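First chain A sits with chain B, and in the next complex the same chain sits with chain C.
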Partner chain A sequence: MPNLQPYQNPTYFVWLIGGLIPLMIGLLRGKRWRLYETGLSLAFLLLTFGAEKYHQGLALVAYVIFEVALLYLYLHYRQKHNSGWIFTAAVALAIAPLVMVKLTPFIFGKASLLGFLGISYLTFKVVGIVMEIRDGAIKELKFFELVHFILFFPTISSGPIDRYRRFLSDYQTVVSKDEYLEMLEKGVHNIFLGFLYKFILAYLFGTVWLPQVGHLALAHGGFSWWLVLYMYVYAMDLFFDFAGYSLFAVGISYFMGVKTPINFNKPFLAPNIKEFWNRWHMSLSFWFRDYIYMRFVFFVMKNKLLQDRILISQVGYLVLFLIMGFWHGLTWYYIVYGLYHALAIIICDMWLRFKKKHRLPHNKATKALGVVITFNTVCLSFLIFSGFLDKLFF
Partner chain B sequence: MKKKLWLIFGPALCAGMLLLLFLGSPFLTKIKYSKKTLQQAASSQAANVFKGGALKQQAFSGQYVPFFGSSELSRFDPLHPSILAAKYHRPYQPFLLGTAGTQSLSHYFSMQPANASLQGKKAVFIISPQWFVKQGCDKNAFGYYYSNLQVVDFILQTKDAPATRYAAKRVLSLTDISDQWLKKALEAKAKGQKLDWATKNYLIYKKHELTHEDVMFSNLKIKNRTKLIQKKTALLPDKYNLASLDQTAKTLGQKHTSGNPFEVSHTFWNKKLKDNYQRLKGKQAAFDYTQSVEFADFELVLQQFKQNKMQVLFVIPPVNAKWMAYTGLSAAMLQRFNQKITYQLKTQGFNNICDLSTNYQKYYMQDTIHLGWRGWLALDQQVKPFMAQTYQVPKYHLHAYFYSQKWQNLSGKQIEQLK
Partner chain C sequence: MQTTILDILEDLTASDEVRNNLDLNLFETGLLDSMATVQLLLELQSQCGIEVPVSEFDRSAWDTPNKIIKQVERLS
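For the complex of A and B:
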C-alpha cells in the first residue's frame, strides 16, 4: 500500500481531486453524502497513517479514543457540577499525550510511540472543546460529528485550527448553490496560489538557496552578511512553505463545503508586531488569544491578583508567548523566541500608548517605516527560531 | 451554473491540458548539459543517470566511453580507470554505467534510450562471475534500475525476433509495470504480436512525456565525485610510467590491506567481514556460476553491441585467492565459468577479452571480489592500447542457441569439451 503525506506531491492532489468530485457533485445538488465523505476521509487518513507509518495510525486511534472519552466524561460531569479543579484536571489530561510526546525525546532520547503527525493540532481542537464545555457554550456532543471534526483530514497535519461549533454548523447544513460556487472559486484560487507558494517559492527559498547560504554562513562563522541573508531566506521559506500548506488545507475544505478559517493574511505587511500576530498563523494565535491570554486576564482580574491593567496585559503576553515557546519544543531558541515576541509586543503596546498620548503624526511614511521595522523584527525572531544560531555559536 | 463552473474550473483544466500536451509533444526534448554536469554524471553511478537517456546521449556523442560493470566501479582508489584517465589526460573519459546490482539485463535496457549515440562506439564491459547464479539478477535490484523510458524505447525500437521476445518475457517476469497499457504492449511484444495503432501512438506520447521528465530531472541529485577524483590524482606519479605506477599501487595496497588475514581493505574488513567472516568458512564450496539464466541475459547485451556496431573490451576479473581458499569457492568451477563465457564471446566474434581471472598476485583486489590497485593497473594495460586503436567496424555473428535452456544449463564436462 502506498503512503502519501498530505499535499506532498502532485500525485496526492490527483487522488484527492478524483476522490472529491462525487462529493462536489453532491454538494452542488444540495446534498451532503455523509457515507461517501466518511469513506473518503478514512481512505485519506489511511493513506497518510497507513503502510510504513502504521504505528502512527495506531497511536492516532488510541489518541482519539482517549480524548473523546475524556470529553464525554467531562461533559457528563459539567452538566451537574462546575469545579475549577476538575476543569484544570480535564485540560491537563487533554494535553497529557502531547506533553508526553514532546518530553519523551528529551528524557529517553528517542521519539515517543504515542506520537503521530498533527498531534499538536488535534490537541488544540480538543482543549478548545473542553474550555467551551466549561463555559457552557457546548452543551452536547455529537459523537459522529465530533470524531469527524477531530479527524477532519484536510487540516489534520498542521491546521488551520477550526472550532467545534463553527465546524458543526457548516457540517450540518448544506450551503446554497450560489454560495457553494463561490466557495469553489475561492478553493481553486487558494490551491493554485498554494502551488506557487509551496512548490515553487518554498522550493526556491528552502531547497535551493537556504542550504547554500547556510553553508556560507557557517563557513564564515560568527556574524556575517551571509547570516543576515540566511535570516531573510529562512523567513521567506518558512512563510511560503506554511502559507502554501495552509492554502491547500483551506482550499480543499472549501471544496468539501467547510469554511475552515484562513491562516495567513499578508503578515509581512503588518505595520506593527501586534498586527503581525493578527495576520500570521492566525488560527493558532487566535487560539492562544482566546484560550490562554483572555482566560489568564479574566482569572487575574477576578481573583484580584494584580490591579494595574497594563501590567496584567503585559504578564498575559509573557504567559502566552512562553507557552507558545515551550509548545514548539524544549530548546533554548524556542523559549528565547517566545520571550522575544512577548517583549516585542509589550514594547509595541507602550509605543502605541505613547504615540496616542503625544498625538504623534500618522501617515503613509510612518506606516511604511512601521512595516519595515516589524518585518525585520519578525525575521530576526525567525532566525532565533530556526536554531541556526545554535549551530553557529555552540 | 454550467457557465459558472466553467469559469471556475476551466482555466485550471486548460492549464492541465496544456501541460499534458507539452509533456507529450516532441518539442524541447533535447537539452544541452554543461561540461561540468557531464563530468559529474560520468563518475556518479547515479541511478537516475543509469535509468535515463538524455545525459548518456550527450556524453556518448562526445569523448565519453561507457564502462559497463557493477560494484567494482565504485572502488575509487587512485588507479581506478576514471582517475587514471583524468590524471593522464586520456583522449577518452570513462562514463561509469552500473553499480552494485546492475547485471546484464539492466545493462541491456539501460542502453535502449541511448542506442543512437552508441553507434560505432568503443566500450569496456566488466563481467562479474558472481552475476551468474542460477536465477540471474535479483528482482529488487532489477526493479531499482528499471525505468519505463527504457522499456518504451525497447518496444518502439526492436523488431520481432527470438531475442526481443526473450527480453520482453524477462522484464515481465521481473517487474510489475503499473502502467497497464505499457504492460499490455510488452506482453504483445513477448508474443511477437504487432502493436495496434492506438498503442503505438500512446507509446510515442509516453516516450515524449518520459523524455521530458528525464531531461528535467535526471541531472538532479547526482553524486559529485569530481573533488574526490582530483584529490586522488595527486597520489599518482606525474608521468605515466608502468614501473612507478606499479610501485604506487603496491604501496597503497599494502597500506590499506594490512592487518587482516585476507588482505582486503580496512573499510571492507571493518564493515563487512570482521564480525562474520568465521561463519563463512567453507560456505562457498557449492557455489556454481556455470548454470544460469544470466548467460542468456548476457547474450542480449551482445546482441545490442552488435546492433550498435560497438567495439567492446570484455573484462573477466579474478577472486581474492585467500578468500577463495577460506570459503572453499572452487577454482575449477571458476575456470569452467571462464571457459563458458569465453566460448560465448569468441564463437560470436567478440575477441577483445581482458582475462584477469587467474591473477592471484598481492594487492590485485581491493576486497574479496572487487578489483583494486594493481588489478586496475593490469586492466589499464589493456584499456590503453584498446582505446588507442583506430575503430574498425566489427564483424559479429550471433547464434540464437545462446538464449536456449540448453546453453544456460550447460555444465561440468560439457563445458570442458567446448571448442
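For the complex of A and C:
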C-alpha cells in the first residue's frame, strides 16, 4: 500500500479529487452520503498514517480513544458538578500526550512513540471542547460527529483549527444547491491559488533561493546583507508554504460542504502587529486569543488578582506568546520568538493609547509607514524563528 | 437596558461614537479589543446580572452596539 502525505504531490490531488466526486454529486443533490464520506475519510487517513507510517497510525488511534474517553468523562462530570480543579485536571490530561511528545526528544534524544503528524492541531480542537464544556456551551457530544471532527482529514496535519459547534452545524445541514455551487467555486479558487503559492512561489523561495542565500550568509559570517536577504526570503517561503497548504485544506473542506475557517488574510499588509495577529495563522491566533488570553484576563479580573488593567493585558500577552513559543518547541529561538512578539504587541498597545490620547494624525501615509514597520518587525521575528541565527552564531 | 449598555461601551471605548452610530463596527475601528471585551462581559455581569461565558462570545455576533444590545436582550 502506498503512503501519501497530505497535499504533497500531484498523485494525492488526483486520488483526492477522484474520491470526492461522488460526495460532491451527493451534496449537489442535497444529500450528505455519510457512509461514503466515512469510508473516504478512513481511506485517506490510511494513506497518510498507513504503510511505513503505521506506528503513527497506531499512536493516532490510541490518542483518539484517550481524548474521546476524556471528553465523555468530563462532560459526564460537568453535568452535575463544576470544580475548577477537575477542569484544570481535564485540560492537563488533554494536553498530556502532546506535552510528552514534545518533551521526549528533549529528554531522551529520540522521537516519542506517541507522536503522529498533526497531534498539536488535534489537541487544540480537543482542549477547545473541554473549555466549552466547562462554560456550558457544549452540553452534549455526538460520538460519530465528534470523532469525525477530531479526525477531519482535510485539516488533520496542520489545521486550520476549527471549532466543534461550528463544524457540527455545517456537518448536520446540507447547503442549498446555489450555496454549494458558490462554495465549489471558492474551493476551486483556493486550490489553484494554493498551487501557485505552494508549488511555485514557496518552491522558488524555499527550495531554490533559500539554500543559496543561506550558504552565502554562512560563508560571510556575522551580520551581512546576505543575512538581511535571508530574512526576507525565509519570511516569503514561510508565508507561501503555509498559506498554500491552508488554501488546500480550506478548499477541500468547501468541496465537502464544510466551511473550515481561513488561516491567512493579507498578513503582510497589516498596519500594526496587533492587526498582524488577526491576519496571520488566524485559526491558531484566535484559538490562543479565545482560549488562553481572554480566559486568563477574565480569571484575573474576576478574582481581582491584579488591579491595573493595562498590566493585566500585558501579562496576558506574555502568557499567550510564551505558551505559543514553548508549543513551537523547547529551543531558545522559539521562546525568544514568543517573547519578542509579546513585547512587540505590548509596545503596539502603548503606542495606540498614546496616539488616541494625543489625537495624532491618521492618514494614508501613516498607515503605509505602519505597514512597512510591521512587515519588518515580523520578518525579523521569523528570522529568529527560523533557527538560522543559531547556526550562524552558535 | 440600552442606556446601561451604551454607558458601559462609552466608558470602555472612551468615545461617544458608540452613541451616535449604533451600527459602528467596534472591532474593525479598533474601539474594542479582547481586553475590553472581557471588561464588557464582566460589566454586563455586575450591572445587568447576565452571565456570558467567553465561549458564547462570538465576535461576529457582538461587533456593533446594536448587536450587543440584541445579544443582551436575548440572554437576559
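Everything that follows uses one rule, which is that the second predicted complex is superposed on the first by the 394 of 394 C-alpha atoms of A that agree within 3 Å, B and C clash if a C-alpha of one lies under 4 Å from a C-alpha of the other, contacts with A are read in each partner's own complex, and residues count from 1 in each chain.
The rule is simple: a contact is a pair of C-beta atoms (placed from the backbone, for glycine too) under 8 Å apart; a residue touches a chain by one contact, two chains touch by 3 or more.
Please read all numbers here as calculations on a predicted model, not as lab measurements.
Judged by the touch definition given at the top, the superposed model places A:289 against chain C, while chain B stays out of reach. By the touch criterion defined above, A:352 reaches chain C but does not reach chain B. Of the two partner chains placed by the overlay, only chain C lies in contact with A:312; chain B stays clear of it. Of the two partner chains, chain C is the only one touched by A:298; chain B is not. Applying the stated contact rule after C-alpha superposition, one finds that A:129 touches neither chain B nor chain C. Chain A has more of its residues touched by C than by the other of chain B and chain C. Look at A:252: by the touch rule set out above, it reaches neither chain B nor chain C.
Residues of chain B that touch chain A in their complex: 1, 4-5, 7-9, 12. In the complex of the two chains, the chain A residues touching chain B come out as 28, 177, 181, 184-185, 188, 192. For chain C in complex with chain A, the residues that touch the partner chain are 14, 30, 33-35, 37-39, 41-42, 53-57.
Residues 131-132, 135-138, 274, 289-290, 293-295, 297-298, 301-302, 309, 312-313, 316, 352, 356 of chain A are the ones touching chain C in the complex.
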